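Pasting the structures here.
In the two complexes that follow, chain A is the common piece, with chain B as its partner first and chain C second.
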Partner chain A sequence: MKHSVNRPTTPDEDVADAYEKDELTLRESINTKMVESGEKENLMELVRDRLVECGWKDEMRIACREHVKKKGRKDVTVDELIRVITPKGRASVPDSVKEELLNRIQNFIVSAAP
Partner chain B sequence: MSARISFLKNPDPCNHLSDYKLRYGTDGYKSFQKLFRCFNDGRTKIKPQEIEIPRCSYCSVYHRRLYICLICRSISCSSHILSHTQSNKGHDIAIDVERSELYCCSCIDQVYDPEFDEVVVSKQLIGLCMSVKSGADVVAVRSNKKRRLDSQLIIGSKFLVSSRDRREKWSFPLGLRGLNNLGSTCFMNAVLQALVHAPPLRNFWLSGQHNRDLCPRRSMGLLCLPCDLDLIFSAMFSGDRTPYSPAHLLYSWWKHSTNLATYEQQDSHEFFISLLDCIHENEGKSKCLYKDHEECQCITHRAFSGLLRSDVTCSTCGSTSTTYDPFIDISLTLDSAKGLSPADCRKNRNSGEPSVNAPMPTLSGCLDFFTRPEKLGPDQKLNCQSCGEKRESSKQMSIRRLPLLLCLHVKRFEHSLTRKTSRKIDSYLQYPFRLNMSPYLSSSIIGKRFGNRIFAFDGEGEYDGSSSSSSSAEFEIFAVVTHSGMMASGHYVTYLRLKGLWYRCDDAWINEVEEEVVRGCECYMLFYAQERVIQKAHKELSYQVISMADAFPFADC
Partner chain C sequence: MCLEDSMSGAEDDRSSHAQLSSQVFLDLVDSVIADVASECHRIARLGLDRDLEVVEEELRLSVEARAKVADPSNNLETNSKYVVDIFGQTHPPVASEVFNCMNCGRQIVAGRFAPHLEKCMGKGRKARAKATRSTTAAQNRNSRRSPNQRYSPHPNLGSENQLASEDCSNGTVRENGKGE
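Right after this comes the complex of A and B.
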């Protein structure tokens, strides 16, 4: 599984939109299966826990606070914060978390395959 | 502190939200209540009926931030929400589907409305009540993990009734309320705070086992201290956070113990003993029927009463006579010269503490000292039964039965009869938050003394078997009464531990403190409870908790 670490970072939403049509339907059917089985909720919880454990959440909190401090408390919107923090956030997710998540997804797909 | 409070203040609603509320009130919010789906960790999502996976109605994308319009319930993604608002006039306010938070599409920002939050929270409460049976453990585990956040965001049922004082101490667990000083009465406030948060006492009064409206003594016009405590418990757990004046109780106590009815500062340990005595008198007479050897079943004795064993050994013939005495608390001598056993000195050196020269008195040192064999002096000769003469003898104390709540009193006030002076010992005493009492039980003390011979355990074995000794010897701290200042003019402050966090109760003022503050305090009375009591209380408290960590993500900044 080591090679997964060297994969390019998760594609942005806009890039994902440009994917082939059949690619999208595959993604979609996996997503549907995951939602139906409740695995998606489990994975979201897992990621949330891991990001708290590794300090990522604190890091993001600090980044948010710095931005709010810089801009002034009155002149910041949530949307703007999301726009500013998201690239930093995506880039700083530890590889180990990505790897674990990828493993879980792969296992799910294997077990859900007919 | 003030900066923090102003941050927690509800932001003003934007014009669009005000317009929406002017037109529709909160009915629109309530119509969404059916669609909220709550999770154990306090998050709430929106789950539109008959749709498994919500999608944007424009581009049918599902993995972006999605918003559901408050007016027409159509779902849009973050890039199409603006066009939805532009094409439909007045459709400004939407709800974030993943997080159940309000969003104003015209301001392009999150907006906040306490009334919307109330709708979400009431749904969470309903869900919590339904899931308590099946999901109780999950809730307990979750809230344990997030307890720091939870405890800052605890919202009792009061949240639903009014959101008036959410800013003011709204984060503290229910039951934390300051007590006004009625003129040098901090000795009383300190003890009351500890008693109010002692789980067995809290359960006794809050479950109405002494109801002041049904009390026969009160209806006869007599003073009744348990009734006054009932009043205090009701006041403390009412949800009101303004400091309370326990004047009734002070008055009753003065009447009960007239010799202490002065405006002077009293010793809080004396007050503790006298208060428990009064409760025992009032409670015991009405409830318990003494049989020969049965113990009193009043709440005082059920909670605090233990049994001490004292063995007096004749130093001439070696025969031992044993007596058992009930105790409510244990008074420990704090004297750094005598209080330390050599073992403790060694322990300190091994752990590499910098203060090797003046070894720090520890609680275990004090307990060792309390249970050491003590040679009685020539002036204290006792009549030995087997010799039939007065002989020199040695005495050793041990604990035959541990109470549910263990109160340890540190003798900081020393009265010398010969010199007719009093002084306060203000040296520091190190004490653990978890205390294992098994080394001080009769079984271990006697065992140590005689080796593991069976004859020595007369009657001790059956005790061990009956109450799984090792587990019930584990104690956890829940309150510390401290004394600072001089002998005559000091101040009492109580530290309370609720759900793993420490709170400082200084008369009317209550604030959260770090563990180090508590460890460094000048402890006077230590209140421990059996581990299982604390764990049970912890679980009971957890049920009241709703995690709002994700609903207010910036609340702890």
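Right after this comes the complex of A and C.
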């Protein structure tokens, strides 16, 4: 992908303006640790599996197809599709999946950054 | 920073952890969303789902057709002797074309060829041991009949074949006649 994707801002982003810098470095270091330890890959696999199991992925596919039908299959772009399905995608993750993932991530953070 | 951390205490720590983990979680979800979007985009641009649509349509039609056939209120035609095919043509239950059996040379109605061949070649479930004899006889008769001996495996044995077929040609005819 050549240019970055325009996403709707996440709710957390504007909450802690003062901590933003600290937050960013912390986030970066956690992210690096996650990638290095292989936990990121594990989590990615887990979230993918869960989202397929609960039908979330099918829903997203249907949403994509609808948008493609509306715009015409030749005029549609990836960025556009991402922009269209992101709000729905973020909102429709089942609570159980969210909880499981958040727990695992939190455990990792606690163990990685005492 | 160290001072701040120690002052804010464990509660703040936990909330920042929670915030951080929800950030990480959102990143994960976002990348799955991007995956799905690019997958769908690729499928749409390459027209890979067009096949799928056709397949789905065919599936739907076949389900409909099956339902129609199974529907008892719709079998006015199926009960009658002649069933209309998809082109609206009727066919008799037994094909009526006549042709010559390539094994014994008799004239056979196409619809009865399979049962005939069973007996004629002696290989079917009704075939008896005797039938094998009739087969060899029929083959011999055929080879004698054909004006061109090129296809016979042993052209030099022609006279012998004739003798052999003369021997049991009577039996053959009787047997075939009984079977029909």
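Heads up, the rule we're going with is that the second predicted complex is superposed on the first by the 93 of 114 C-alpha atoms of A that agree within 3 Å, B and C clash if a C-alpha of one lies under 4 Å from a C-alpha of the other, contacts with A are read in each partner's own complex, and residues count from 1 in each chain.
Everything below uses one rule, namely that a residue touches a chain if its C-beta (ideal position, glycine included) is under 8 Å from a C-beta of that chain, and two chains touch if they have at least 3 such contacts.
Model, not experiment: these values are computed from the prediction.
J.: Is A:32 touching the first partner chain B, the second partner chain C, both, or neither of them?
T.: first
J.: Tell me the contact category for A:78 with respect to chain B and chain C: first, second, both or neither.
T.: both
J.: More residues of chain A are touched by which chain, chain B or chain C?
T.: For chain A, the partner with the higher number of touched residues is C.
J.: Quick check on the superposed pair: does A:111 touch chain B, chain C, both, or neither? Answer first, second, both or neither.
T.: A:111 sits against neither chain B nor chain C.
J.: Name the contact category of A:47: first (chain B only), second (chain C only), both, or neither.
T.: second
J.: Contacts for A:61 in the overlay, against chain B (first) and chain C (second): which applies, first, second, both or neither?
T.: both
J.: Under the contact rule defined above, give the chain A residues that sit at the interface with chain B and also at the interface with chain C.
T.: The overlap between the chain B and chain C interfaces on chain A comprises residues 16, 31, 61, 64-65, 73, 77-78, 82.
J.: For the complex, give me every residue of chain C touching chain A.
T.: 1, 16-26, 28-41, 44-45, 47, 49
J.: Under the definition above, what is the set of chain A residues touching chain B in their complex?
T.: Contact set of chain A toward chain B: 13, 16-17, 28, 31-32, 35-36, 41, 45, 61, 64-65, 73, 77-79, 82.
J.: Over in the complex, which chain B residues touch chain A? Could you list them?
T.: Contacts found on chain B: 7, 39, 41, 52-53, 61-65, 78, 107-110, 554, 557.
J.: Residue numbers of chain A touching chain C in their complex, please.
T.: It is residues 5, 7, 10, 12, 15-16, 19, 22-23, 26-27, 30-31, 34, 43-44, 47-48, 51, 57, 60-61, 64-65, 68, 73-74, 76-78, 81-82, 85-86, 89-90, 93, 98, 101-102, 105-106, 109-110 of chain A that touch chain C.
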